[in-house]
Each structure stands twice: as C-alpha cells, then as structure tokens.
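Pasting a structure here, questions to come.
Per-chain numbering from 1; labels A, B, C and D assigned in written order.
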Amino acid sequence: MKSRYLVRRIGMFFAVIIVAATLNFAIPRLAPGDPIGAVLEVLISRGQAVDGVESIIASYRERFGLNDPIATQYLRYITNSLTLDLGYSVTFFPQKVEDTLMDALPWTIGLLAVSTLIAFGLGTFLGALVAWPRAPRALQGLVPLLMPLSAVPYYLLALILIYVLAFTLKIFPLGGAYTPATKAEVSVGYVLDIINHAVLPALSIVLAQVGFWALGMRGTMVTVVGEDYLALAEAKGLSNRRIFFSYAMRNALLPQVTSLAIALGGVVSGSVLVEVVFNYPGIGWLLYNALQSSDYFVVQGVSFFLVLSVALAVLIVDLVYPRLDPRISR
Amino acid sequence: MTPRPVLQVENMRVCYRKQGRALAAVDGVSFELYEGERLGIIGESGSGKSTLAWALMRLHKPPTTTEAEGVVLNGVNLLALNDEQMRQTRWSQISLIPQGAMNSLNPVMKIRHQMADAIKSHESGWSSNRITDHIGSLLGRVGLPASVADMYPHELSGGMKQRVCIALGIVLEPKVIIADEPTSALDVVVQRVVIQTMNEVQQQLKSAMIIIGHDMGLMAQCVDRLAVMYAGRIVEIAPVRSFFRDPQHPYSRLLISSLPSPEEKRELKGIPGMQPSLLDLPSGCAFHPRCPLAYEHCTRTTPDLHKVDEQRAAACHLAKEYTA
Amino acid sequence: MLKHRIRSILKYAIHNPKLVTGVCLLLGLVLIGAVGPWFVDSEKARPISVPTNKQPSAQYPLGTDSGGRDVLSVMVVATPQTLRMGIMAGLVGVLIGTSLGLISAYYGGLADTLISGVTDTMLTIPPLAVLLVVAASFRALNIEMMALIIASLSWMNSTRALRAQVLSLKELPYIHMSRLSGLSDIRIIAEEILPNILPLAAAHFVGAVSGAILAGIGLEVLGLGPQDTPTLGMTIYWAMLYSALIRGMWWWWMPPILVLIVLFIGLFLISTALDEFANPRLRKAQ
Amino acid sequence: MNHNLLDVHNVTMHFGGNSRNRGGVVALENFTLSIPSDEAKIITIAGESGSGKTTLARLILGIIQPTGGEILYRGKILPQMSHEERQEYRREVQAIFQDPFAVYNPFYPIDRLLAVPLRSFGLAHNRAEARRLIEAALEQVGLRPNEVLGRYPHQLSGGQRQRIVVARSLLLKPRLIIADEPVSMIDASLRANILENLKQLRDKFGISLLYITHDLATAHQISDELYVLYQGRVAEHGDSTAVIKTPKHPYTQLLVSSIPRPDPDHPWVGRVEIPLNETTVIKDRTGCLFKERCAHALPACHLQPPQFVVATGQSVACHLNAESEAPTGRSKR
C-alpha cells in the first residue's frame, strides 16, 4: 500500500510540472504573431537603444530553432524546463532567467514559508479551540472577527497595513527587504533590519490566511466532536487537555492537512502579490518588473517557478500525510 | 446474606430540549444493582435506555439536564461530586462498553495507547512495563493475541474491536460495567463469543453489570434480572426466569409473544402502533394506545412502579398489589 | 411538492444572519453600478476628462486621480465590470465543475480516472501562474476574455467537491430503487441526484465568483487587466504606479479597496451560509 | 417448455484484482439456484456478513454482472433480452432494501416512491387511477393512506416506511422480490407485522420471495427453502424446517446453536472458540473453507467437499456426510 501511494504522488508531481511547462510552451504559440515578434515589437516600440540586439535575436532564433518541427521544439523546451534552463532575460541579457530567479527565491521562500506556517499553525489551533465545547466562551467572539479577515485578499490587506502602520504611524518601513544601500553582511544589525522590513509583509500574509485555516479547522472539529470515539474518551475519564489534543485535534488535522495541499496554489499566488505591494525583492517583485519591461522569458520563468514551488510543497505534504493517518500507511 | 446494592438510582430524570420544549427521555427511573449481578434493560428504540446509561456516568452536556434524588455508587452520591471527582470516578468505579465499537476507538491511535491513557489518567504510579503487561493480560482474557496492542482499529474485525472495548472497560477493574447494546452490529456467532467473553470477565471481577439491548433472546441468555423500559419509564422489573414464565405488564407479554420461536411455525403477531414520540406522549399510561387491556382509568392516571411480589415490580393498574 | 420545498428553503434563508448580511452587502454594490450613473456622469471616468490630483470636494466627492479621472465615476463604472466578470467566470466555472464532477462520479471507470487526474493536476497549478503567461501573450484582454480564461482555471474545486458528494449519493439505496422503478440514468441524475447537490453547487458558485474576482484583481494589480475600461484592480494598479500611497492621495486607492473588501466579505458570508445549508452537521453547531 | 422464473447457474463473483491473479476477493463461488414460474416460494439465503448474500441480491437485480456463470430470467440472460423483455424483467423483479430510511430521496415526500414506478411502467393512465392503486396497496399492508401520503420520510417511523416499500412491490405485481435484510433495522416487536406482509405476498399474490438475512430465527418462520452461505460457498441447502431442526453441516450447527433463545432454560451449550488470527475474508480457498474452525476436521477436508445429498432432500458440503448417497455434483479439485 505504501509504495503504490508514493509512486502515485511522485508521478503526480512530475505530471504537474510537465503540464505547466506545456502550458508555458503552448500559450504563446496560440497568441497572434510569434513570441519573438512580440519581444521585438516591445523593444522597438519603446525605442530603447539596446546594444547587441542582433545577438539577442540570434540566440533566440537558435534557442527556438523556428525551422525545427514543433515536436522537437516542444521536447527541447520540456527538457530545458526540467533542467531549469529557462532561457535568457531580455532586460538583463546575457543573464540567464534561472539565475535572476535564484537570487530572488530566498526572499520569497523566507517570507512565504515562515508566514504560511505561522498562519496554518495559529489558525488551526484557534479554529480547534473555537469549535471545542469546553473552550472559554470568549473565543466565540473571535469567529465574527476571523471571518471577514479571511475573505480579504492578501495584497489589499497589505495596502491597508502600509497606510496605517507604515505611512501614518511610521512604525515599520514602507517597503523593501532591508534599508537601501546597506551592504549585506552577517551581523545582528543586518538581520534585525531584515526582520523589521519583513514584519509588515508577513503580517499581511498571516492575517489574511489565519481566518481561512481557523474556519476550515472549525468545520472539521465540529464533525469530530460528534464522533463516538470522543464520547468514549470522555467516558474513560481522560483529562480535558488529553481529549482535546490526542483525540479531537489529532483526527481533525487530517482533512486540514489535505486542504493545506489544495490551498497552496492560492497561498503562493497571494503572497507573490504581497511582494509587489511592498517592493519586497522576491520573485513577485521580479515578476512585476519583468511585466513592466516585458521581459518575456522571466515572466514564463516566474510562472514555472510558481508551479514548481507549489508542486514541491504539495509533494512534501503528501509525503507527511501517511505519517499522520495510519489507515494509509498500514 | 443478601448481596448489598452496589448502585442505587432514585427517581432519575433526564430532559433534553427539542423545538423549545423540555422532553423527559428518562422520566423518574429508580432501580438497584447488586454486587456481581447482571441487570438487563430492554426497550424499543426511543425508549430512553441509552440515555439512562450515559446519564449514570453524567456524560450528558447542557442543554440536556440530569437530575435524581440519588445515584449512589458504593455509598458515594455521584451527583454530589464536582467535575474533577466525577472524572476520577469514571472508568475507575464505573465503565462503559459502547454500542458502535466500529467507531468508538480512536482511528489514528494504537490500541495500546488507548488503553494506557485510561490507566495513566487515574493511576500515576504505574511503571510503563507494568502497564504493558496489564494490557497484554487483559487482551488475553478477552481471547485476543497481545500483538493486537500494536495494531490500529482499522486492522481489526468487528468482533475483535468489540472485545478490545471489553478489555478497555475492565482495565481499572471497576465496580459497575455498563454495556450499551454491545453486540447490535455483530453476526450471531461473533455476538455469542462477545457475550461469552463479557460474562467470563464479569465473573472473574465480581463487578456488577448493566446490559442494555433490544433482543429478548440475548437478554434471556445473559442477565439475572430484567427491566423493561417504555417511553422513558421502567414498566416492569423481575428476575429473568419469572419474567419469561409469567410477565406482569401487557407490554412484556406482547414483547415475548412477538418473538419467532424455533419450535413451531405459528402465525406471527407483532405489537400494533409504534413507540410514542416524546413530543406528543399519550396521557396517563404511555402504553395505553397499544395496550389490548387498556380501559378508561389507564388513559387518565399514570401507573407507578409498584411491587408485585418480593422480587418483582410492574407499572400497570391491572398488576396485582404485593402485600408483605 | 416543489413549492413546499422552496418555502422551507426561504424560511431557512431569512433566519440565517450570515446570508442576510451577505446579500445586503452585495445588493449595496449592485446599486452603486445600477443607480450610480443617474447621479454621476460616467464620462468623467475616462482619462484626462477632469483636472488631476484634486482633493475630495463638493464638485468631486471622491476627488480626482493623476490620470485625470473622477474617482467617484470610476467607482460607478468599475464596480459592475468587476461583478460582471466575477459572475460570468464563476458561473462557467461551476457549470463545468458540476457537470465534470457528476459525470466522473456517476459513470466512474475511465472517465473518472481521466477527469480526477486532470482535476488534481490543475488544482496544484496556481491559476495566477497560467494567467500570467496568457495575459502576457494576449496583450489586448477585455472583460469577457478574462472571465473565460479565469473560468477555465476555476472549475477544479467544484469538480472535486461535487464528485465526492455524488460518489456518496450514488451508492444510496434510493438510487438503486429509482433504477428498479425504471428510471433511465439521465432521469436519475436530473431528478434524484441534482436536487440533493444543488445547495453544495450553489455554495461553490459563490466561492467560484469570489475566486474569479480574486484572480482577476491579482492580474489587474500587476497591470495585466483591460486597458480600455476602468476596473477596480486597474485603479489600484494606477494608484500604486503613481505611488498615490506615499503622496497621501488616500481618496484614489481607498475606495476601490473598500468596495472590494465589502464584495469579498459579502460573497464569503453567502458561501459559508450555503455551505452550512448543504452540510447539516455544521448547521447544528451554531 | 416454460422456463423457470429464475435460474442462477454456477454463478461466481470476483471483486478487485483480475480473475487470473490471486489478488481480489471471491464474494460468491459456483452458486446455483432456481425458482419455478408456476408455484410461488419463499427461499431464504442465510449467512454472516461477508458470506456473499448481498452480492447475490445485486446480481439477480442486475445491478452488477457476474464474473462467472449466468443468470437466466425466463430462460434468457439479461444481455440477450430485447428492450420489451428487459422492461418486463425490470418490472417483475423488485427489491426491498435493508435501511427503511435510505430508500427514500429526502428531497421528495414518500408519494414519489409509489408514483414513479406506476408512471414508468405505464400501470396507471391518469392521476386518479394512480391514486386509487396507491391507496389500495397501502391498505393491503395495514397503513391508512391519509396518515402517510404527502408526508416526508423523516416524519414516518421505520416500520411505516418499510411497509410502504412492500406496498410499492404490490403495485407493480412483480413475480419475484429480493428482500435484502428487510427487518434487521426494525424493532423486534414490529418485525412480525412486516414478516406477515411478506408471507401474504406469497400466499395472496403468488409472488416468490428471495429472503436474505443473517437471522436464522426469522428465516424459519416464513421460508420454504433455506441456503446457508459461508464465505461465498453453499454450506447446506434444503427444506428450511429440516435444515434448522436437524442441521448437518458443522457451520450450520454452530449458527443454529448460537441463536439466543428467548428462554433462560435453554442456555447456550459449551464454549465457542474463535481462531486467534480471525479475519473476515479467508484467503486460502482450497478444500473446505470451514476447516480452520471445524471441531471434526478430517484429513479429507483439504479436498473441497461436493454437495452430498442427505436422505431428506437436504444437501450438505461436508465430508462428514460422505457415507450418505453418492455426491450429486462432480468432485471439485
């Protein structure tokens, strides 16, 4: 049972990546005109004097091998994508797309992973408490507060937080990941500076997500609280804490982890847009600039990276899940 | 020396709210349970028997209310205990074998831990291998291999799960064990094994047992005394032999006559009508609409449970009155 | 038979606080779009039609932006656009989702493996990733195109949820009984299964509308929205581009955000209420 | 040559895994049964859960197709039937299910359960006639039409709902009803009424009944013939009174002796041992399936026992009865 589950999940991981790469390959070809034409048209229309225009065109012509049959182009594109060779950035030529992405990735991973984990942990615990009959009644007051928060998109919440906490009250910086013009060196000051800049973006991601996870958990806890094994646990005279953690929450966590895997797509997209609002130098900000300067292949690279990170996260969640639910592993 | 009562229940009432009204699922039930005795409680679905079982362990949550003049277990009135004292009493003095063993065990926790935490929450001094040995011996007493301790509930068959629940029920060797329809979901042979196991275990422990069910045949096989519940009240209570030979309450008589007897193929006769819903209880004796002997007096006054002879009582105007 | 059922649904709906507040919020927004044009000249929503950077005043209740547009008329024109895009995408999304969920669950076999495979794969791909590439390749995007593209990426959730529910319904004895009563598969789906999944489908429709608007706004905030007609997302994009925040022009970016927040909360309340109606156990917990 | 109403001929049902490899579960193996078309009979299929009795019900109802053998209705298998014949088969073979609540679509009042078959089989030409037929059928099963019509399922009791299902069968005038555990979820005191209704179907309306149950006590009351199934194979078959009074197969003996008798003076005799590694589905299907649990297991039991015919027209798949008449079927591997 276990190996069949693993093979299926890893198979799904590769299927997702190949489908994403295929979409990146196919969509531009469906657009009127050819992709190179689109890039050139943008350069000429902006009248930008770009030195070495000819070498860009030559490298792309070779890169795409326009005369090759569609199938070989497709195969080459897929193998390149899988080996993370995502072509050249138009604006920072000859830098490779994947290198620019690699520079920006640590910021996104740091911000996204940390805030999502905090939001998931906090939200799950709060949601469980709210649905727990013996929890203090005051917690019930939280529910009407959590609901609207989880309805609002991350980046809109980000704008409000900037206006209130950064612009008016000036507690936090307006944006960016560190005070401009400070050199990056491993010192407490530098780390504190990063944290200081990271608080607002992280806060907007956490606030926007915590409601969603809390309500999801409340829904599952409500069904778990009605189960027979909970009634027997109480009849066994176990302590309230023991029943809450190892009987109720432990079981309610399973559907919650599955919904984590499903929601990751939305979480990543939302967080990427928060970077745009905060000029936070992750792949979101890279994407925004690439769109401004129509750096076409960086846009495709970011899109591919988004899918890659979500697929990786889903795979991790799928590998963790059997450890939580013995019915699958045994 | 007559055995002394382990559990005395005086006028217990359990009410729950439905459509804005307080309905008495258990309406003034009194009985005594003697040491080492097996008392059966039988009734159709909706008669309040499971509600009574859970009320004895004070497991009903508001808005359901549980009141009684007294629920005395070994001299201690359970209703007077505070929550912590009651928690301590649960499982150490009085335990429960659940009905749906299918999902009464925590699906994501090994059987061992589900038994160990019952021990740990009452006894702090036990060493871990003392707990492991105890669990191993308990599983042996219910006919299960010690390896079951490291298995998860989904790996066990229905009969095995039910016997795990029995082992769980006696882990702290309580004075009173309540079995709430322990075999309703099981096949007839597995049911016999479970009942056989329960009886052996109960005899070893000398604890008293309340067995709740709706199958008359099963009751005849495994109880010493039998109480019949109807619409939240006990309508008859008697030693099992005299109950089957000479039932006092018309409802008991009809219950017995509606049973298919393996001997001859006589024409089957069920009880007309159905169990009244608590929302519109008939006046006077709740059974009068379905009772062949009902007369005018029955529709007005509710008969109380009065002694019919030294050991038997019935709640029917027609039942004879016992004069000592 | 049906009138009794509808009356009981209505009776439930009126007493549900979430549903009532949600519907009122949405009605308010629809009113902006419907009644607004009588009070406000929607021409002023076009660029360079009014003096720029004006504070809110009697003449311009919500002030003007750096592109020379009257913010109030932009709101009046933009709100119905975003609503229309959301509802179109949500409707198409949930129709595809429901039918795929129904077919894969009811007929099973190859159809089921295929549809679930595609659904699970597409679920893992964040819609924004695909929308980016599409928007970057098709420069001129109008509302209808965006709605269709977003719809093509928002059916997965409803497919997954409805497939699960139909799978559990399909095994119930009343489906076997209908077959024994001579009903064809089509009539069983239409008369026996559909009525029981409508509440869940409705909840997912509202969820899909909210998801579609979220995806649309996400694109617009990146500047990939329609350039010709003003939408809430594009207003926020222009405001950020011209750093209205730092220049203290709160009247430029605050109204679209408030409208969007009211919209999302309204949709959220309705979808939660419908979810509770579809899942009675949740309802009991209130 | 008029055919039997129903011929179940050597039917095998295999779930999961393909027939070649060992994977998958054998739910039913070489099951044979026939119901005459001239005389209405009640045949009981008794067995514990996992014995294959529900699989048999679904096979005869045409909900699933057998992986081996064939089921002939009036001499024809389902695929060979023309459209009319299949419609006729659909109407003539009806069912009563176990859960009286789940048989009703909660969205509609209970009338729909009665009205739909009337319409789709064209048994009533207009609403008035349909109403009349429905009311007559309800009265047949002892229900007052005005008390139940127009009500929703949750407003009626289990007993009432099950009787409405019986009334539905009366409406369609079927030739065969498959009743899968019709009374197991009904209170003991009300069971007798429904069993009485089922007997009436045979006696007053000439409808044959396949009564599927795990409760041998009720089987004895109403059935003419009894099959005892164990892990998908027939352990014993014959006249129901004979099989219950004098069971020949050790498994049937265990089943009959385990019925809790409502008489304290007839207690269970002896102790029942369950092998420690007791699993619901037996993997090793060679020889007699009951050999692990059988007290009188013989070396011959490693060969699958054929159906030995005992004098009283009772057949038993057990080597203990080898010395009786020559085995009917060919001896299996």
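A few notes on this one:
Throughout what follows, contacts are C-beta pairs under 8 Å (C-beta built on N, C-alpha and C of every residue); 3 or more make two chains touch, one makes a residue touch a chain.
All of these numbers come straight from a predicted model, not from anything done at the bench.
C-beta contact counts were set side by side for A-B and C-D; A-B has more. If you average the Cα atoms of chain A and of chain B, the two centres end up 55 Å apart.
Centre to centre, using the average C-alpha position, chain B and chain C are separated by 54 Å. With centres defined as mean CA coordinates, chain D is found 33 Å away from chain B.
Residue positions of chain B with contacts to 2 or more other chains are absent.
Taken together, the touching pairs link the chains into one ring where each has two partners.
All chain pairs in contact, by the document's touch criterion: A-B, A-C, B-D, C-D.
Across the complex, chain C is touched by residues 61, 63, 87, 90-91, 94-95, 97-99, 102-109, 112-113, 116-117, 120-121 of chain D. Residues 133, 227-229, 231-239, 242, 246-247, 250-251, 254, 324-327, 330 of chain A are the ones touching chain B in the complex. Interface of chain A with chain C (complex): residues 12, 15-16, 19-20, 23-24, 27-28, 30-31, 35, 38, 131, 147-148, 150-153, 155-156, 159-160, 162-163, 167, 174, 215, 219, 222-223, 226, 262, 264-266, 268-270, 272-273, 276-277, 287-288, 291-292, 294, 296, 299-300, 302-304, 306-307, 310-311, 314. Those residues of chain D that touch chain B in the complex are listed here as 48-49, 157-160, 187-196, 199, 214-218, 220-221, 241, 244, 254-256, 258-268, 271-272, 274, 276-280.
Within the complex formed with chain A, the residues of chain C that make contact are 117, 120-130, 132-134, 136-138, 157, 160, 210-211, 214-215, 217-218, 221-224, 236, 240, 245-246, 248, 250, 253-254, 257, 260-261, 264-265, 267-269, 272, 275, 279, 281-282, 284-285.
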